[in-house]
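Chain naming follows the written order as A, B, C, D, E and F, and within any one chain the residues start at number 1.
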Amino acid sequence: MDAMLVIKAVAALSVIGLAAAAMLTAASRKFHVEVDPRVERVLSVLPGANCGACGNPSCFGAAEAIAQGALPVTACTAGGQAVADAVADVLGVEKCAVASIVSLRHCGGGRAATRSFDYAGVMTCAAVARLAGGDLECPAGCFGYGDCARVCPFDAIAIDTRGLPVIDLDRCTGCEVCVRECPRGSIGLLVMAPEDGAVAVRCNSHDKPRARRDYCSMCCIACKKCEKACPADAIHIIDLLAVVDYDKCTACGMCVAVCPQECIDLTGRAAIAPAVMLDGRGPKVDGFLPVVPDARPEGVGK
Amino acid sequence: MRTRAFKGGVHPADRKDQTNTRAIERAPVPQLVTVPLSQHLGAPCSALVEKGDRVRRGQLIGDVEAMVSAPVHSPVDGEVTDVGRVVLASGMRSVAVTIVPDEQQDLDSFEPVTAGNDSVRERVRAAGIVGLGGAAFPTSVKLQPPREMPVSTLILNGCECEPYLTCDHRLMLEQPDRVIRGAQLIAGSVGAGRAVIALESNKLDAAAALRAQAPDGVEVMVLPTRYPQGAEKQLIRATIGEEVPHGELPAATGALVHNVSTAAAVADAVDQGRPLIERVVTVTGKVRRPGNFMTMIGTPVETLIEAAGGFDGDHGRIVAGGPMTGMALADLSVPVVKGMGGIVVLHPAESAPAVHGDQPCIRCARCSDACPMMLEPYAIGIYANRTDWEGTDRYHALDCIECGCCSYVCPTRRPLVQLIRGAKQALLQRGAQL
Amino acid sequence: METLQHFTLLLVGAALVNNILLTRFIGLCPFFGVSSSMDTSLGMAGAVIFVMTLATTATWVFWNVLLAPLGVGDFLYIPAFILVIAALVQFVEMYLRKASPGLYRSLGIFLPLITTNCAVLATATESVRPGFFKMGIDYGFGFGEALVYTIGVAIGFGIALLTFAALRERLEVAPVPEVMKGTPMAFITAGLLSLGYLGLAGLFGL
Amino acid sequence: MTETTTAARMQVAPSPHVVAPENVTHLMLWVVAALAPATVWAVWNMGMVAAVLLVSCIASSLGTEWLWTRIARRPQTLWDGSALVTGLLLALAMPPLTPWWMGVAGGIVAVGLAKMLFGGLGWNLFNPALVARAVLAVSWTGVLAEAGPYPGGWFRALDIPATGELDAINGATRLAIAAADRAADGAYGVDLTAYYQPLLLRNLEGCLGEVSALLLILGGFVLIAKRIIDWRVPVGYIGTVAVLSWAFGSDPIFNVLAGGVLLGAFFMATDPVTSPMTRSGRVVFACGCGVFNSVVRFFGPMPEATTFAILFMNGLVPFIDRAFAPRTFGWVKRRG
Amino acid sequence: MREWLSVFRRGLAVDNPLTVLMIGLCATLAVSTKVEGAFFMGMAVIFVLSMSSAIVSTLRSLIPEQVRIPVFIVIIASFVTIVDLTMKAFLPGVYTFLGVWIPLIVVNCVILGRAEAFAYHQPVRLALADGLGMSLGFSLVIVVLAAIRELFGSGEIVFLGIRLIAFPEWYPAPGILLLFPGAFIVFGFIIALAKWYNGRTSTRLVQTDAHCTIEEGGR
Amino acid sequence: MARRAASTPLNMIGAVLATCLVAATALTLTYEVTRERILEQERAAERSALQAVLPGAEQFEAADELLEPAAEAAGQVPVQAVYRGFDGSGAHAGWGVRVAPRGYGGPVTLVVGLDRDGSVLGVSIVTQNETPGLGTKILTVPGWIDQFVGWESTDIKGSAAGFDAIAGATRSSVAVRNGVTAASQVYTEVLAAESGEEEDGS
């Protein structure tokens, strides 16, 4: 073996190796730039959905704010407790509990509500809402064109065969994006305990009960049966509409049982009805919901 | 002149011959008038009357302090039977005063308005005049241009470029004196040295009538017939050759645009103290006796259609305003408002086909060639469809004037205007949030 | 005139006819990684042109001063070159971050990506080791030729990256089947794009 | 107010409420109509083989579109006619002796791979017919070559490399021959003007669509007159080819008439979906096609480069669209 | 052992270097015209990656922080050179086919070895699992890609001179599959397949994960 | 986490030097070990190529002195090597010429075997970079390459005219043909004289 070649090789590689090492070492000392490493660390545990629910334009913004103490470690609504704990972990601060909130739909009309005209055009709730006030007789009902489903950053909503959005509470993080998107306020944000479930009144019309009945068979008729049945004094007829006080509601389901209009539902993890989803390939339904799949080029807004 | 014309535009079949020879006639007094308190852009009025009150024709029934607003007056003698919410043709909900007219009506008299002072602007405001060209922007506001942008040219918009409509045409033909008087008053009020009455080449008879009476300083200009010649920015481009810069008022070019009917209403308000309680409405299309009707504000659309002889067989959409920018009606009981220049009952085959949802864009570029604002509507549509509002902003969605040329030419019938409108709304909301 | 023609052909050949991304399969990771928007790909293209030129210069010097004279190039060039390139890029990155944060934001963030990119190593190696690639012509490069060639390659990289990014922006909004969204469609688009480049093969005998 | 009195619900839709009479199907059928004379003439002259190829290309294009929409549960788009145009153009761009199974494969590639996979009509980035043609050409060059000369003509139609020697190939299109001659002696050995007439009227040595240049030009004029295509594209394309041919010392008219330039310039580079949106962009696009076509024809290994020229420029379209965006009314500066 | 397996398995699917991380595309697309070449390319990567992961991990406590990058690069590049020279000497046919792509894998191996991210912090055992998993994931995909391209593109698969499988004579092999466009397109479909597969498994994971953590989050 | 060596200058230089030492030594070793084999492989490849084209020969000897005139004779086509072949008895059995005509994707290197009268005994393709599936057919189409066998230098034009190119691989085919023609050219202008001399000399 050629010893000379070994020496030459070692020399050459060492020169290059040392030069590289020296350059890097010198550079890292000389050009050192201080970046707050906490921002990176917080960012690494955030979900990265950039949903904006926390009021920041992106997860990065949130990470900065959290690292600087401008926002609490629980700032990420979407991430829930897990993320809050992780953030607390990486920042080395005390963990705090977050309230778990999910969104709830306040309309049960769907196919049971009367349409006021034949609509043609862009199949979104926002678009129909701009034309003659929307194609529902009910001034507050859900159009069912699925804007909420399109915008949900966690893919928690799908339009079911009744033409109503169904919210998968397992996925919903309470980020409120859908609530902001809905032109009807058909979805309300509320605080609830997922394990226990909660009741939801599926009517939001402030018309007179008589008028409501004319255009929707699922409406609240203000009969007060729920109010009487509730053992926890948690449901009341206010302005001719049943309203739940979630601080008191124990999700016992009494009101659900007595409502003659089937206008109250028990929701929550245990109670999600197995609705047939129309997520692009379900059965086509006649009537007013013919084109939700087409109106939604796949993955729009996702 | 040709070089000044705006780019783009379309030539829809104008179908004006149905009504452009019909003299303006009076529509019957309806059994019920519903006068909305928000017929204009700006703050809605508050009702000054209650259920059960008696009102006189011309009496002020709604007003508000806000600067951008216009009061409303009762078009009839009668009794107020309700003050409540109604749905308007635009789909907006507004409080309206419902009046049952008396049996006997003196249609030639009215209660003259009282203005704070004698200036043209005050009288116009008191008369509740809004732009009759469609946008229903309170005229008095436009009579007060920003100080740093003096108005040098008043342009009276007699283009009436929308298909079917002839109300402005008939007005210019039958009452050129009122239009010219209005032009003089407005020009005097804003200090404009030059007044131009612009109309399209399909109304040469009206041009002749105007020319016959036009004094010095009032010019009659005939422009090529092309939609949307009457849109404010395009009209300014065609008459004085300047582009209204993005985000600026027309006054930035030294021009002020008013509709000819607005000018006529201004003339009446100043000279007679006449409030804006009536307007000419073209009722045309698949009706038995199409024509131009002097109609009281608040008249239900049904009444007008009956006045025009009722439907003539099957019909398609019923449009309030022109077919390019007007609104399809869901309900014929909606009232005529100040900004409504026509009721067009479309032929079923002529109505745009009903498109449900998204149609593909084949990138034929017809929309961008037709767009008078030189936008790329297809691109805005694509981004709007994805609710990517930044994307729509990159393509200047906010500059769209919603003229409808793009949807009109699109071979796949993409609902472009609707998509763009959605984008504009979203962008404006976001702008407001910021 | 001769030289001008020679250099022009060298440039065109390197940039278009033998486009490094679409006809030679080199540097594909960033081609797919940073082409999702025009803006980022513009930054990347700039950074690649910069780094490639620098890297070729450096490897050319090390090869001709150290490795070739010592006769150890044949088996040391891989560690030597990648070390040189990695160190260089890292150095430039740190320098930019300190000296010119603006430039760093537009170009610098792409620098680490470049180290992990075949194109730089391949082009630098190719420029000093003629015949490394079995391309149409046997490039026997002087320093000037090596530089022109490198710049040509880098320009070709930039052109392909930018057009691809523009295509992907359009693809992004298209209703493609759900499973094909994103990278799968990017690959198929690249395939069809390279179909067009196929027509250039053998142009001018390059 | 909310009570509806009329029995039938009224239709409410956004403005405008009237639309221009022409829809997509009309556009597509006009293209078919413009191609019809050339197609009929080709079948008349070439007979059964041409008919079989036409049927296989068109049937497989339509079939793929139908199947795709069924399987993907998208709205049926068969009737918009674009698959018909794609199939027809594919057939016209192939030599008549192409085996039928290649026509079928071409239709599947065109509509399945190049169009529907990208989202269907309007979303494809590359011209479907040309993608298919390129794929067939590089996949089965041998098969196409072995298909041999058309009975009664001596031709080989696909993009076979010109080799410098005529005898190296079994037969050649006039273009290939001309190129070969030029390469061999540095000048044309033949008088190219003699070819004008057959190329214009009846030429059996090329693809189906090349039988008569005159009929193609007529069809193109119809589309221009109907404003279905922008005249800038064919004029820019053909003009560039003519000028460059002249500059490279060849006969401009022959170079325009021979090969696929006319079919490409009038019917393929004009495909709205895969060409730029603005007029200036289209000029750049067309000239780019012309430059690519001529440069490859004169300095490259193949005599025919229309397919690759247009595909290459298709790739640049989004970029061109960005670079040549129109100036919005009232905006002084171009958008950044 | 479970930990070892889970680290090992990651490279095969959810973190597959080719279909998910998209690293090492050049060599993959270039040499996948032949199963033979792809196979040996895979072997080369397996060798380099597992050897360097192991060595880097063994030496991890001896290498000072600031010079670790040059040191790691030298280690990895040396293994690549060894493969390069050895293959040239003993498998000349394969070497001619793989040619320049062997030296170029150094780039990917530097990333994949992820000397920093993984081996540097892990015991040898896990570093090896990672290296093996990653390189096997790489090899798996490249061989599948090559099998599709060779079989359908040329009608047969020939491995070291032995014809493994062949289509009947009349099969008109579409040559496009052996060219650049074919490589991109087939690989596009493979990624889609991988995405679909990973999506199926990982969505389920995410779902249960979310559920568990929220419950365990203890409200 | 394992304890890590501190970043002192000594440690750092030491670590880098040690790595380089080990790596360079290992690589040199590998290189040394493989070098012989690599050269041998190359020689063997060349030999087997020559053997394939000159079936009668057993010994080959590079005739480097003829390279320059040969290159001149071949014109455009580069000539890389010229070999004399000797049969078992040491008698001159023919010539091997390695040429590198340009194909589609770059040079196609081939060895052409010529007998002493200049007729082609065999052609073998050594390296090529043609398009897989298309140009590579010059390798894969069975029997194709054999058509060159028997071409006479005296009538090379005639043979070339009747040559059969592979459909779809015309340029690659022509490259091979050009290589063969060039080799014949070399024979006519250089080797023929040499052959004669040797005959005289033997």
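Keep in mind that, in the parts below, a residue touches a chain if its C-beta (ideal position, glycine included) is under 8 Å from a C-beta of that chain, and two chains touch if they have at least 3 such contacts.
Nothing here was measured: the structure is a model prediction, and the numbers come from that model.
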{"item": "Any chain that touches chain C and chain A", "value": "B, D, E, F"}
{"item": "For chain C and chain E, chains touching each", "value": "A, D, F"}
{"item": "Taking each chain's C-alpha mean as its centre, the one farthest from chain B", "value": "F"}
{"item": "Between C-D and D-F, the pair joined by more C-beta contacts", "value": "C-D"}
{"item": "Interchain centroid distance [CA atoms averaged], chain D/chain E, Å", "value": "41"}
{"item": "Computed distance of Cα centres, chain F from chain A, in Å", "value": "69"}
{"item": "Mean-CA-position distance for chain D and chain A (Å)", "value": "48"}
{"item": "Junction residues of chain A, two or more chains touched", "value": "5, 9, 12-13, 17, 20-21, 24-25, 28, 116-118, 120-122, 127, 131-132, 135, 294, 297"}
{"item": "Junction residues of chain E - those touching two or more other chains", "value": "66-67, 69-71, 74, 77-78, 81, 85, 175, 177, 179, 181, 185"}
{"item": "Overlap residues in chain F, where contacts from two or more other chains coincide", "value": "12, 16, 19-20, 23-24, 27-28, 30-31, 104, 127, 131, 134, 168, 171"}
{"item": "Inter-chain touch pairs (all)", "value": "A-B, A-C, A-D, A-E, A-F, B-C, B-D, C-D, C-E, C-F, D-E, D-F, E-F"}
{"item": "Chain F partner contacts - residues on chain A that touch it in the complex", "value": "1-2, 5-6, 9-10, 12-14, 17-18, 21, 25"}
{"item": "Of chain E, residues touching chain F in the complex", "value": "33, 60-67, 70-71, 74-75, 77-78, 81-82, 85-86, 88-90, 92, 96, 121, 153-154, 173, 175, 177-179"}
{"item": "Touch list for chain F against partner chain E, complex", "value": "1-8, 11-12, 15-16, 19-20, 23, 26-27, 30-31, 33-34, 37-38, 41-42, 45, 127, 131-134, 168"}
{"item": "Contact set on chain F toward chain C in their complex", "value": "23-24, 27-28, 30-31, 102, 104-107, 127, 129, 131, 171"}
{"item": "Chain C-touching residues of chain D, taken from the complex the two chains share", "value": "72, 113-114, 117-120, 123, 125-126, 131, 134-135, 138, 161, 292, 295-296, 299-302, 305, 307-309, 311-316, 318-319, 321-322"}
